[in-house]
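Read through the structure below, which is laid out as structure tokens, and then see the notes.
Chain nomenclature is as follows: A, B, C and D, assigned in order of appearance, with residue numbering initiated at 1 for each chain independently.
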Amino acid sequence: MENLEYERLAWALLYGHIAIIVIGGFITVLSQNLVRALVGLIMTLFGVAGLFFLMAAPFIALMQILIYVGAVSVLIFFAIMLTSAWPGGDESGTISVRKIIFAGLAAIAPAIFLGMAAILKPPPSFLIPDEIEVGILGRFFLEDFILPFELISLLLTVAMAGAVVLAFEMRRKK
Amino acid sequence: MIEAIPTQFIIIFVGLLAVMAFVGLNAIVLVYLERKVAGFIHRRPGPYEVGPPCFPHGILQPFADGLKLVGKQLFTPRGADSILFWLAPMISIAPAIVCFIVIPFGPHLQIVNTNVGLVLILAFTGINVLALCLAGWASQNKYGLIGAARDISQGVAYEIPLLLVVLSVVFMTGTFNLFDIADGQGAWPWQWYIFYQPLAFIIFFICALAETNRNPFDLPEAESELTAGFHTEYSGMGFACFFLAEYAYMVVASCIIAILFLGGFQGPVLPGGWWFLAKVYVLLLIMIWIRWTFPRVRFDQLLNICWKWLIPLAVLNLLITLAVIAI
Amino acid sequence: MNLDLRLDTSGDFYARKFQPTKREDTLILNMGPQHPSTHGVLRIILEIDGEYILRAEPVLGYIHRMHEKMAEVMSYPQYLPNPARTDYLHGLAWNWAHVAAVERLMGLEVPERAEYIRVITCELNRITSHLLWWGAYLLDLGAFTPIMYAFDDRERIQDILQRITGSRLTYCYYRFGGVSNDIDDRFIEETRKQCSRMKPRFKMFKDLVTDNFILRKRVEEIGEIPADTCRKYGATGPVLRGSGVPYDVRRAEPYSVYDRFDFNIPSYDTCDAMGRYLVRMDEMQESIKIIEQALDTLPEGDYIMPKAPKKPKPPAGDVYFALEGARGKIGFHLVSDGDKSPYRLKLRAPGFSNLSLFSEVSEGVLIADAVSILGSLDLVIP
Amino acid sequence: MSEENAKPEKAPDKEKEVKKKEEPQVPKYTGYDYDCFLAPQELLKAVTKLDHADFFLEDVSCVDMQEGFQVVYHFDRFSQPGRVVLRVMISRENPEIPSIYDIFPGAAWHERECFDFFGVRFTGHPNLIPLLLDPEHQGPPPLLKEETALKDLNQLYPDRVHTPVSPDSEEFVKEINNCSNQKSRNQS
């Protein structure tokens, strides 16, 4: 009985979070203003963090906030401020129907893939998911999946170096 | 339906209310303290006569301040992004309140005891940076914009040594649980982590000053350069929110320092809650003392301190810690 | 919402005249006329690239009160209170410049005692001016406390001066041929007490503030003004002495009785804000030295000429009288046509020349340094 | 006056002359060690010479008089103090004078001030916009005198030589090199 109540609450929370994610996503995409779009993105990221909480992965949820909200979006913010992008720029203007169709397709495609994956191979569901300890998580990264983990960090380093190089290049052009 | 709500939610809800009261109370005390300490350092009495004579030493000053701020007209500058402009102070204050939920104020005074308490605080304090730059950007003011840019570079830079230092402590204790960290230290000062990690303590304290935008690192709001930086355009409660948030983050930072390095609620004789409060307020007093003593550093110096000194030292500290643990 | 703040074509006359350069990523920033670090109503238009200043153009005149025109319509005694308003921090020096210029033109012989009194009060006023500068400068740099310490001493000196001169800020104490009021024993005693009180204070100031690591980082090697730039711009006073030129009007063209006192002219050849800072700190101590010497050798006699003209009518001709104010060389160019009011009066405000340096010195520095440089010039916008 | 060519006239030392005559109507003290009139076109040459002799610009002022505007340049020296004053007469109808900005950048503001208050145009000035006055200021410059109040040179500077001196003349060179306040400026 109690589990059932819990589950009802969980569903409510799930839909609430999904709503936050979706609204945030729409704000991100439809907003004319880059900073507002960023705020939408942050909203989405918070929603995702909430989903992680629901899945009893508070560590990952907090990491999501710490890294994506606290660091990545701040950096995006910085990038927006550094580049002079404003509503009169090349991004604005009327959108052709073709563009809307393509955008819709681009949005639906991953959704279909993920949805099919979820339907065809549903992950095991628990009424109350277990919380995995941080230590186990760490061991997971550093023992079983060490290569992908390190490759990701390499990728990030390369991306960072590339950004710096690009920035210098742009500066030199001026 | 009410019984359907788990008790934990009720605890959190009540706790949130308590935390808000605590934050408000702290702000009142800190406003008074800051003014009085500043007065003491300046060799003047500070606020002295507010209200009827039955309230000596200007003890009503924070209330008068609060009343003034509440009574002020809310003013949105022309050209400002009004939604983001008013969202920013709220984004600033809300995470500060969340942070208090996981802080163990005493052996039995903690709202939620979670294994990831430290991460939660680090994550939510990071949001403040975002709030400040939103404020600076949305107010459509050049000073605000520069203040926001400064805030980002400062906040992001100082987060790195801060995290590294926290990591060294976490490696020592093997947990993110704030209660366990505090509990792991003994009652007597020589059992506190400050004696095992003195360098970490200093680095953390400097970073905490920088993260809370306190003098000498108050560059985002450096009033002689940027009038008031990111909150130039805010009046009344908008400003008050940033003000409250600054004090709240100061208290959070002091709490974390007390827990990580000064044994948290541990202490001889007196009950834990009082020890914790005493430690937090000593740290806050030191912060206030520093504010009224030092000039402001320059922006490039600020970043140099971080990148050239604090980060290498923090890494070194981490490596030493690891080596000691491994041995 | 317009993020591109640079294309802000609105703005007033000066902003429109201040064309942005061809670079794209710059921002035009208005500092002032109401800005905490411009102390008054100075406005500086900055073109900045990030935190770096590409160009700076001071705009002034917001409180210009046209003292020169006032002089032409007022008689000489009527104009007496005016000069102190041009520099509210070192009013006595301006007061002195005015009366001395008229005295020179008329060939009045000021009694010796009056000259001593003038020296003592003017030096006291110089100390108050430097103290206020000191406090305000540190306020600019973000240190709140020193200004309170500075005001502690400053208020005491003002109390002393108030008894004798009748005012605390915009003095009108000197008269043609002397001073308006004789000093008494109480003044001498209080001044001596204040002098002995201040000596250990300077050591405290040094320990507390000057040797502060952060402060040194903020002022050393900032705003370097070579001596030749000072010459080209006509910068004088502590700005010049901070650039290594020991030029002081009190020594260079000794007026009054300054040639009888033994004092040093501090100068530092670091040329930076620290040099200017130290010059002022040392100058206060030199002023105390002068005051003590003057008190020791204070002659008896009249405090004003027995037949001091109440309504002077100087002969036709012109005179240039310069003296050393707290901010630099104060010059009075007085053209008389023999009437009861000047035909033309030109005031040389030291801050005017010193500020004109700013746009050259502040090129390529950080905003924080610009504040530091601006403070170190010690401006009073007339 | 401005159109006259400079005559390298051997002007007697005015200070000495003043002392000799002992006229009560003439100020005993002027504060100047060398006082000379210049033709406008020779101003730059003279200022360059002063620059080479290590002078600094104290002040640029202007006096409105019957003959026109007298622009007065005050120079002094750090190393060997001595004030040199250059006076240049320009006509009221066409108040133009070369700017000395290129030699002394510090003159920029002084010249702008003169432009504000007298309407004197400094040719070659890079930024001759109002400095102290309101840019929307209407009417004549504030320091211009009324026609009736104007005095002429002899009324203002009695017993002085008003003939322009050439900056090339030996006298000028000698004076600016030797002037020091020891000669006439015992102020006390």
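In this text, a contact is a pair of C-beta atoms (placed from the backbone, for glycine too) under 8 Å apart; a residue touches a chain by one contact, two chains touch by 3 or more.
This is a predicted model, so every value here is computed, not measured.
Chains that touch both chain C and chain D are absent from this assembly. Among the chains present, the centre nearest to the common Cα mean is that of C. As a whole-number value, the distance joining the C-alpha centres of chain A and chain B reads 28 Å.
In this assembly, the C-alpha centroid of chain A lies 60 Å from the C-alpha centroid of chain C. Between the Cα centres of chain B and chain C there is a gap of 42 Å. Each chain gets one centre point, the mean of its Cα atoms, and the points for chain B and chain D are 64 Å apart. The multi-chain contact residues of chain C, meaning those touching 2 or more other chains, are 1-2. Across the assembly, chain A contributes 33 as residues in contact with two or more other chains. Multi-chain contact residues of chain B (touching two or more other chains): 81, 145, 149.
Residues 12-14, 17, 60-61, 64, 66, 68-69, 72, 104-107, 115, 227, 230-235, 240, 245, 247, 252-259, 314-322, 329, 331, 333, 335-338, 343-344, 346, 348, 352-353, 355-357, 360 of chain C touch chain D in their complex. Chain B contributes residues 4-6, 81, 83-84, 87, 114-116, 119-120, 122-124, 126-127, 129-130, 133-134, 137-138, 145, 148-149, 152-153, 155-156, 159, 176 to its touches with chain A in the complex. Residues 1-2, 5, 27, 29-30, 35-37, 48, 50-51, 138-145, 148-149, 152, 212, 214-215, 217-218, 366-369, 371 of chain C are the ones touching chain B in the complex.
Within the complex formed with chain C, the residues of chain D that make contact are 24-32, 54-59, 61-64, 72, 74, 76, 78, 81, 83, 85, 104-106, 108-110, 117, 127, 129-136, 142-143, 145, 151, 155-158, 181, 185, 187-188. For chain A in complex with chain B, the residues that touch the partner chain are 5-6, 8-9, 33, 35-36, 39, 42, 58-59, 62-63, 65-66, 69-71, 73-75, 77-78, 81, 131, 133-134.
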